[in-house]
Amino acid sequence: MGMTIAEKILAKHAGVDSVKPGQYVWCKVDATSGHSLRALELLGVDRVWDPERVFIVDDHQAPPPTIEVANRMRETRRLVKKYGIKHYYEYGRGGILHQVFAERGMYAPGELIAQGDSHSTSGGVFNACVTNANMDAVHILAFGDLWFRVPESVRVVLNGTLPAWCVGKDVILKVASELGTDYGLYKSVEYVGPVAAQMTLAQRWTISNMGVEVGAKFALFEADAKTDAFLKDRVTRPYEHVTADPDAAYEAQYEFDLSTLTPMVARPGDPGNGVPVESVLTEHVKIDQAFLGSCTNARLEDLEVAARIIKGKQIHPDVRMLVSPSSQEVFGQALKAGYLEILADAGALVEHSTCGPCYGGHMGVLGDHEVCISSSNRNFQGRMGSPLAKVWLASPATVAASAIAGEIVDPRQYL
Amino acid sequence: MQTTFTGRVWKFGEAISTDLMVPGSKVLANPGITPEEAAQFCMSANRPGWVDQVQPGDLLVAGTNFGCGSSRNGSQPLKVLGIACVLADSVSRIHLRNAVNTGLPTLVAPGISAFVEEGQRLEVNIVSGQVKNLDTGKTLQAQAWPEDSPPFQILMAGGLDAYMKDKVRKAGLVRA
Amino acid sequence: MGMTMAEKILASRSGKSVVAPGEYVWAKVDGTGVFGPIPMMEELGIEQVYDTARVYAVDDHFAPSPTVERANAHKALKDFATKYGIENYFEYGRHGILHQVFPEHGYVSPGDLIVSVDSHSTSYGCFNAMGAPIMEELSFVVITGQLWMRVPPSIKFTLAGTLPAYCVGKDVMLKIAADYGTDVAVYKSVEFLGPVAAQLSLGSRFTMSNMGVEIGAKCAIFEADDKTYEFLEGRMKREPQPVSPDPDARYEAEYTVDCTNLEPMVALPHDPSNSHPVAAVESERLRVDQAFLGSCTNARVEDIAVAAKILQGRQVHPDVRMIVTPASSEVWHECARLGYWEVLSAAGAMITNPGCGACPGGHLGLLADQERCISSSNRNFQGRMGSPLAEVCLASPATVAASAIKGYIADPREFM
């Protein structure tokens, strides 16, 4: 019997020839994040299994908004020194974990990685099994392995040709609106088909990133030349692309024809509430805040499309637009390309790279009854601040166009 | 570790996210917050006042995709509030692992939200997975972990902390 | 009998030909700022501010909001600005620290009387205006456009000699605080005159007027010259009425500060008066955890330019985090255009959005216990920027940049 991508990667890391869904296996892990170092210290363990494969960047709360946070980060710096952690990125040299992890060559096809933060599924864009390890990352730090339940695999076939004005965000909002936000629950989702191949790496990245929003343990793409182009000069160790066997067993297969897709927006409350933007135009949804940021959609091409739409125009006077690039590297590239200047000229607030507004932590929290259109990943009640605020999710283009218009609009008229 | 739980049921809906259990703007913004203080914000957006009503030993029943979203440990406030056991039609992977590691029995029990009403009493055996509604007398089969599986062993140890303490000592990783 | 600059402004604004120290006057106010709703207006049913063009509004201390409570406060300010037709409300992205963004948008002309919430309202003295901090009187000022003032005694600092190229206004001010104490000007008007006052850039004068409050001043005034108008031309909304002291003006005290041999200065914890030449403390290798280039004191284009020049082709020390928070959106734009952000971000500095940032300890880079920060801001009181166990040292942007590279408090001259 053939294996899916996840089964192959888990079998290899478990040191066995094959695995099947439902089986529990102990797997060697290729890398993790260091958020559990304090737990390791409390256990009395004075070394990590491999200091080269532990990665730390303070992204959510950098720079600290409170003394308590500052003290927690000071504690992190102490632990980094104590355990000799090689990959530690101070403010100004970091950014959001999932972006910086990739930039620093920590993901490669075929690898198994478990790290803090739910959006770890992002790494699936590199044809690697990447998922969350929260408390049990301490087990990896001590032993370099972790138990996994081999997940069922499902396949999403993205057919047709993606229209020029749609991106990965529109695709995932469309898929989640039809299949619900639990089609990937505790499963490995593989995205294949002509549109998967057509999409840019950054667009696939959005879909892998939002894997967790559909419940997925892994959200995988096959690797191709676009993958290798990003990894070139970043990953020096050998790696091999992993593809599913032709007779691999999938619990389900879903087919979508995306040729007629139009820009999508998820209504407040759940990422599964996606509808075509054009269907909400008559509601004239006024916005207070437009957020272009997060690990979902704040890469260079996300900033580029926003700059293209906004160039020469002004953010609507009643709107504040917040822009936070996904990493310091992206910040520098966007400066060089002039995108940040265009956005700032239009009246957008350019922030440093941070998770801040996406999770309601700082750097642009929503007040009562405020409405935000966001390029981020979650619009649950209370996610970005007040439980009385409303968050709509959309692509960077839709966020940018809405910021100009002052209400949610279809970006196609601006592109 | 206790394996049978009997208690009164609180019911929650579909897709109860960890943002609701651990609101970022209240809890993450304040890392000095104690688990007891943090628990006071649990479900404050969707069900204000609930934390004052829940009693130790109560059970929580939810719909599909319980614990979706962020990797924040939503089981911690539930445990602090005294919830003895959680049953849901389906549970997100991250939340399920957090629950195991926290030592809060959390079972996937398809059909559970249709099976019980708020305020009714359930008897739950987490080894067999059998759930009995003491008010209606009906039974439902939840998904139990194999007894030799890592998650079951961690749960039985009382959570990851106790499990790890034992394991690192046995592995000789702790200096005398 | 002649008058000082402060006396002339207060006389003019109270409709008198002459005023003397100790006298109480009712003065007309040229500008003020609001930072939240004015409850008294609602209580009394007052439907307008005294002048919708002269009452400015911005949320600078917590931009953008770090908590739901702050977000609600921001929204309340915006609603207030809308309701009362405030013409100069600056939303995030178009905002800045009040003392920077307001003058950029025509808030102040020479000869003006500006009274405003925020202690650093002394800043406007660099524009040859009287800028005085207020607090509880704000409601009254916003409603009536007037305020009672006690005419302060004036003291004069003659800045003599020639300022070395590696020193700026910050170094002069720290020297004054060290030599004369931080109470030398309590409840007095400070007037800065002399050849170095003329030599200083407008930005350097801004720093000194801004820190007037750190030596106790009610206001801290420079004369107007070409540099003043170079900035104000095209921004001012009122005809300038510049003032200079009369030759026989009465000063309660006169001090001469010879700047010719001045060196880069640093204020050690926990008071600006605890200032020393950087060269004298460099050998102590005072470890730096955070380098902050920001605040209304020193985060203008010329401040960021000097830091960019020093950091060009260099890296922030691995154990140091450098946070750069420009004073306003306009400053952000100019620095982007001039390439400073590229230089600083490539050097490993974090470029944040404009605002007060870390200076008042509200968000955007608080200090942990036992940490040390070298800061271009204005106050190093215990607990000012975070933990009461942290230490803040004040210095010029050049010294902040040099210390960020070295990892300890270092004299910038070797990089200049």
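Should a chain be cited, it is by its letter among A, B and C, assigned in written order, with residues numbered from 1 in that chain.
As a convention for this text, a residue touches a chain if its C-beta (ideal position, glycine included) is under 8 Å from a C-beta of that chain, and two chains touch if they have at least 3 such contacts.
Model, not experiment: these values are computed from the prediction.
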Based on CA centres, what chain would you say lies at the far end from subunit A?
C
State which chain is most central when centres are taken as means of Cα atoms.
A
Euclidean distance of C-alpha centroids - subunit A vs subunit B, Å:
26
Centroid spacing, where centroids are CA-atom means, of subunit B and subunit C in whole angstrom:
53
Can you compute the centre-to-centre distance for subunit A and subunit C, using the mean CA position of each chain? Integer Å is fine.
41
Shared-interface residues of subunit C (touching two or more other chains) are 66-68
Specify, in ascending order, the residues of subunit B that touch 2 or more different other chains.
25, 29
Note: subunit A residues in touch with at least two other chains are 65-66, 69, 71, 360-362, 365, 385-386
Provide the residue numbers of subunit A that touch subunit B in the complex, in ascending order.
24, 26, 39, 43-47, 60-61, 65-66, 68-69, 71-72, 116-118, 131-136, 138-139, 142-143, 147, 149, 181-182, 185-186, 212-213, 215, 217, 270, 272, 359-362, 365, 378, 380-383, 385-387
Subunit B residues touching subunit A - in the complex, by the definition given at the top
15, 17, 19-20, 23-25, 28-32, 44-46, 64-65, 68-71, 73, 90-94, 96-98, 101-102, 146, 149-151, 160-161, 164-165, 167-168, 171, 173-175
Across the complex, what residues on subunit A touch subunit C?
62-67, 69-71, 73-74, 90-93, 288, 315, 317, 319-322, 328, 331-332, 335-336, 340-341, 344-345, 347-352, 357, 360-368, 370, 385-386
Within their complex, state which residues of subunit C touch subunit A.
63-68, 70-72, 74-75, 91-95, 316, 318, 320-323, 329, 332-333, 336-337, 341-342, 345-346, 348-353, 358, 362-371, 386-387
